[in-house]
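You will see two complexes here that share chain A, one where it goes with chain B and one where it goes with chain C.
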Partner chain A sequence: MFSGFMVTAWEAATIVAVVAGVVGFFTVLRGSAFAAHALPNGAFAGAAGASLIGVNVIVGLGVFALLGALTIGGLGRRARQDVATALAIVMMLGLGALFLSMTTEYAPEIYSLLFGEVLGVSGSELLPTAVIGMVCIAVVFVLYRPLLLSSIMPDAAEARGVNGRRMDLAFLVVIALATTMAVPVVGSLLIFSLLIGPPAAARSFTSKPLHAMGLSVALALGTVWAAVALSFATNLPIGFFVGAISACSYAAGRSWVAWRRTRPVTKISRTGLLRA
Partner chain B sequence: MAGSLAPVFEPGFFSSSPVHVALIVGGVVAIVSGVVGTFTVMRGQAFAGHSLADIGTAGGSAAFLVGVSPLYGFVTMNLIAAGAMELIGIRRPRGRDLATGIVLGAALGLAALFLYLDTTHSSTTGATINVLFGSIFEFPSSLVPVIATFSVVATGIVLLSYRPLLLSSLSPDLAAARGVPVRLVGIGYLVSLAVAVSLSAVTIGAILSTALLIGPAAAALRITKRAPLAMAIAAAAGVAATWLGILLAYDSYDWAPGHRGWPVSFFVVTLVFAFYLVIHMSIGRSHGHGHPSVGTGAA
Partner chain C sequence: MEFQADADLPPILTVEGVNVWLSGRQILHDVNFRIEAGEFTGLIGSNGAGKTTLLRVILGLESPTSGRVLVGGRPRSPRNPLIGYVPQKILLDPDMPLRARDLVALGLDGHRFGLPRRSTAQKVLIDEMIDAVDATSFADARVGILSGGEQQRVLIAHALISRPRLLLLDEPLANLDIRSEQEVVELVARIASEQQIAVLISAHDMNPLLPVMDRVIYVAAGRVASGTTEEVVTTEALSELYGHHVDVVQINERILVVAGRETAAHHDHSDSRAE
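Coming up: the complex of A and B.
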């Protein structure tokens, strides 16, 4: 389980989980779940286009993810963001359908781009993954304070001279970068689960931003490691385990919140007295 | 007519039976999407609308596994998913995307599992591709009545609850103050959205389903603030884009490269996107981006 190609798989999964934990925290905070779904899915079309004209898949993913981010940012300026995102994703997928109809790519490769094939990551894919991942995290930390302010209190941020539109666009580009990095490794559907599940669960446990971000990284790491191990042991697809564990950790977070909320009310109960 | 229009309509367009079925199914789905989609855009549930198309994949692939028609798998899964979204909190604007995202993530995990089991059992991954990029030309004509029935259900719910739905979409607080059961109306609407989306996803593919649900309706709501008119424009624009797309796809069998025909979804999506962009450019500046007002909308 810890030898040969599995080492590469563990390393790749770890990088992706750390980036997803950090970027996902802001994704959940800003309510950008749709963009986090649309960019990886749309970028998948770029991969199809890249294989059609014979360039590196990462280039195709990157170009489409960035174009998607710019389209959402541009259209979202004067319309509802969810409408802009929906239109961007269908346009990218429409192009993907066109590219796929022209290639002779086999379906299993498309399946692995969608659902991920972490066990099939090659050593040479690790370096670009790590570099783009570092860039993502660096951008998030450079923009940390204005990004946080504009996510929680858009009006106050605006008053302090933080340009909300520019923050939106900057964050969309960060998601696009994370997408480019993660799709070849874990597939476009899995990166989305990681960007939403662990951070959403983390936010239920703590309201302090840095704590939540740390917890979100920890949960993402736990999710991915457990998923790789379970996938290795059972031979079932890793995407299933990531989806299931993410959903379970979110459910645990919600139950925790519900339990904490009922505690002061049921002070007479035994646990309440013990804790008081 | 045939003589002068021959360069536009390739030979056989009007006599081919797959084309007939495609025109009928595409038209029906476009009308339902226009009616339901107008409210989807108003309620800011575009993400939910798109997600249901993807979530259905899990149901579709499970149905494939147990050997029933994917259509029923889609509808069942989407109704469950709509219920889960409602429970997690699709009502609050801030939690809306998160509720949708959690359900979508879990369902995609299930889809990965079922598709994997499908492939190990029958050594085909066609299901994924079919669902995402599904071809309107391959739809069996025997299922047309089923589609029609489900369409009537979806539009029926929307039209029957029209006034309370409109009021609670535009201003939930005002609706609640007037005694509208906002939550119940919202659930009813989610059911009709789930049915409408599963229908279109299984017949024309998830991409087209979202395109027809959101694109024409969003453009129509830019043109007019009156909901009934917007629904009519959205339905008409959707039907026009679908039929034109089918025609172009049919013609494209003679185009380069390879004479294999370009996918319908590409043409329809491009037409819808272009339509929205034109409206966005020409009207966006003068009208600003307010919500349709309650007074004119409910009149």
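Coming up: the complex of A and C.
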């Protein structure tokens, strides 16, 4: 399982995990989970449309994810962001239903985008996947402090020249890009779990923001590697394992917090790590 | 605490003829006042009077329909380093992986790009600021689990670490018990006088601020009266501001502003209410 075309699968899964860990940290922190759910699902509709007109599905994914991000960001200025997100996902899924009803031949390939396919990324797609992933990580690193500040105290951030709307929009575009590259590997229904599970679990174990981001990457890597191996061994969809392992690591994090809560302070917590 | 204005310095804040309309309603009416460098000013008014709106105008988050705001004698620039701000509420959950220390550090460089790499000098500064607000004992705890009073102290450190000349605090005493109220007021007053920082602090009750306040800006339905407490908080001045009769009564060194009727005979029927 480490030879030939499987190498591509491992590489793609690794890129996806690193990006999901980094982007997911802010997805949880900013409460953008709903957008992280809506964008890949809407992007799926784009893939269906692309296959209908004979274009590479990645292009369809990307175009729809970006359109979705701009819609949510644009509408979110007037309406509540969750309402805007709901409207965007409904519009895109409606189109998706239409596209799917018109395609018959390529349906199996499209459905694999829902739940993921270990071999979903071909060798030639590895480079674009890596490039999109690097862009996502670079943007998050560059905007790290303004994103943090504007999520906690939007007015104070605004008064210091951090434009909240631009931060929202920039981060939505990052989620759109991250999901575009991740959907073929883990599936559009379950990339969401990878963006939420590891970061949500990580915040249970450390109170330092950068450590939480690092741990989130580590947990996402563990999740995805285990999922690839298990999917390969059992021939079950990788998305199932990603979802299940993410949920388990989150449960483990919560149990750890619950257990720690009422304990007296120990030596480890003096470092700031593991402090509830 | 009597304050002597330095004649050489321009007022740190000048608000001239500011009118604000929002969604077709006039929220602020011809607001005029000045705050001198180092002065401690209370912004007093009941719910909905317009305190937050006035602070937002000063911060540049809301532009006035007419009138102007000068900071340090000049029109305010976006990202004004002269102003520090403590918002009325912050958005975070108890699990958020963010320590009190991290929030203070964001006051130093939260608007900058890139991952934080703070120098030893900056780390020392952060520690000193945390110490100055007596937050050392919980500096490594998550901000989300801190009590209201502890969070206020962290937010004050966040606002002060960039060395502003004017500190705006929006209702920092709301939700605090009397003891924490006093602690926060004393803390702000102490640091402000040590570092010559002017303070504009909004509150619906002026009493906790009376011992430290140099001046008061009283807001009622979008109109303001400013001056010393003796000038502004009088039955005559406040009745004029409110546009109907209010009584200013003093009980045990506490000042109560009571909405009422002119004759004492009617007092038991009136919906008297302390502000």
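Some points to look at:
Definition applied: the second predicted complex is superposed on the first by the 259 of 276 C-alpha atoms of A that agree within 3 Å, B and C clash if a C-alpha of one lies under 4 Å from a C-alpha of the other, contacts with A are read in each partner's own complex, and residues count from 1 in each chain.
Everything below uses one rule, namely that contacts are C-beta pairs under 8 Å (C-beta built on N, C-alpha and C of every residue); 3 or more make two chains touch, one makes a residue touch a chain.
Not measured: the values here are computed from a predicted model.
On the superposed chain A, the positions of chain B and chain C stay apart, so the two partners fit side by side.
The partner that reaches more residues of chain A, of the two candidates chain B and chain C, is B. In the superposed pair of complexes, A:212 makes contact with chain C only, with no contact to chain B.
In the superposed model, A:142 lies in contact with chain C only, and not with chain B. By the touch criterion defined above, A:250 reaches chain B but does not reach chain C.
Of the two partner chains, neither chain B nor chain C is touched by A:165. In the superposed model, A:260 makes contact with neither chain B nor chain C. After the two structures are overlaid on chain A, the closest C-alpha atoms of chain B and chain C sit 6 Å apart. Taken together, the chain A residues at the contact with chain C in this complex read 29, 141-146, 148-149, 151-162, 202-204, 206-212, 257, 272, 275-276. Partner chain A is touched in their complex by these residues of chain C: 56, 59-61, 78-80, 83, 85-87, 90-92, 95-99, 102-103, 106, 109-116, 140-142, 145, 158-159. Chain B makes touch with chain A in their complex at residues 41, 44-47, 49-51, 88, 94, 96-98, 100-102, 104-113, 115-116, 119, 124-126, 128-129, 132-133, 205-208, 210-211, 213-215, 218, 222, 257-258, 260-263, 265-266, 268-270, 272-273, 276, 280, 284-285, 289.
Taken in their complex, chain A has these residues touching chain B: 28, 31-34, 36-37, 75, 78-80, 82-83, 85-87, 89-91, 93-98, 100-102, 107-108, 110-111, 114-115, 189, 192-193, 196-197, 200, 236-237, 239-244, 246-247, 250, 254.
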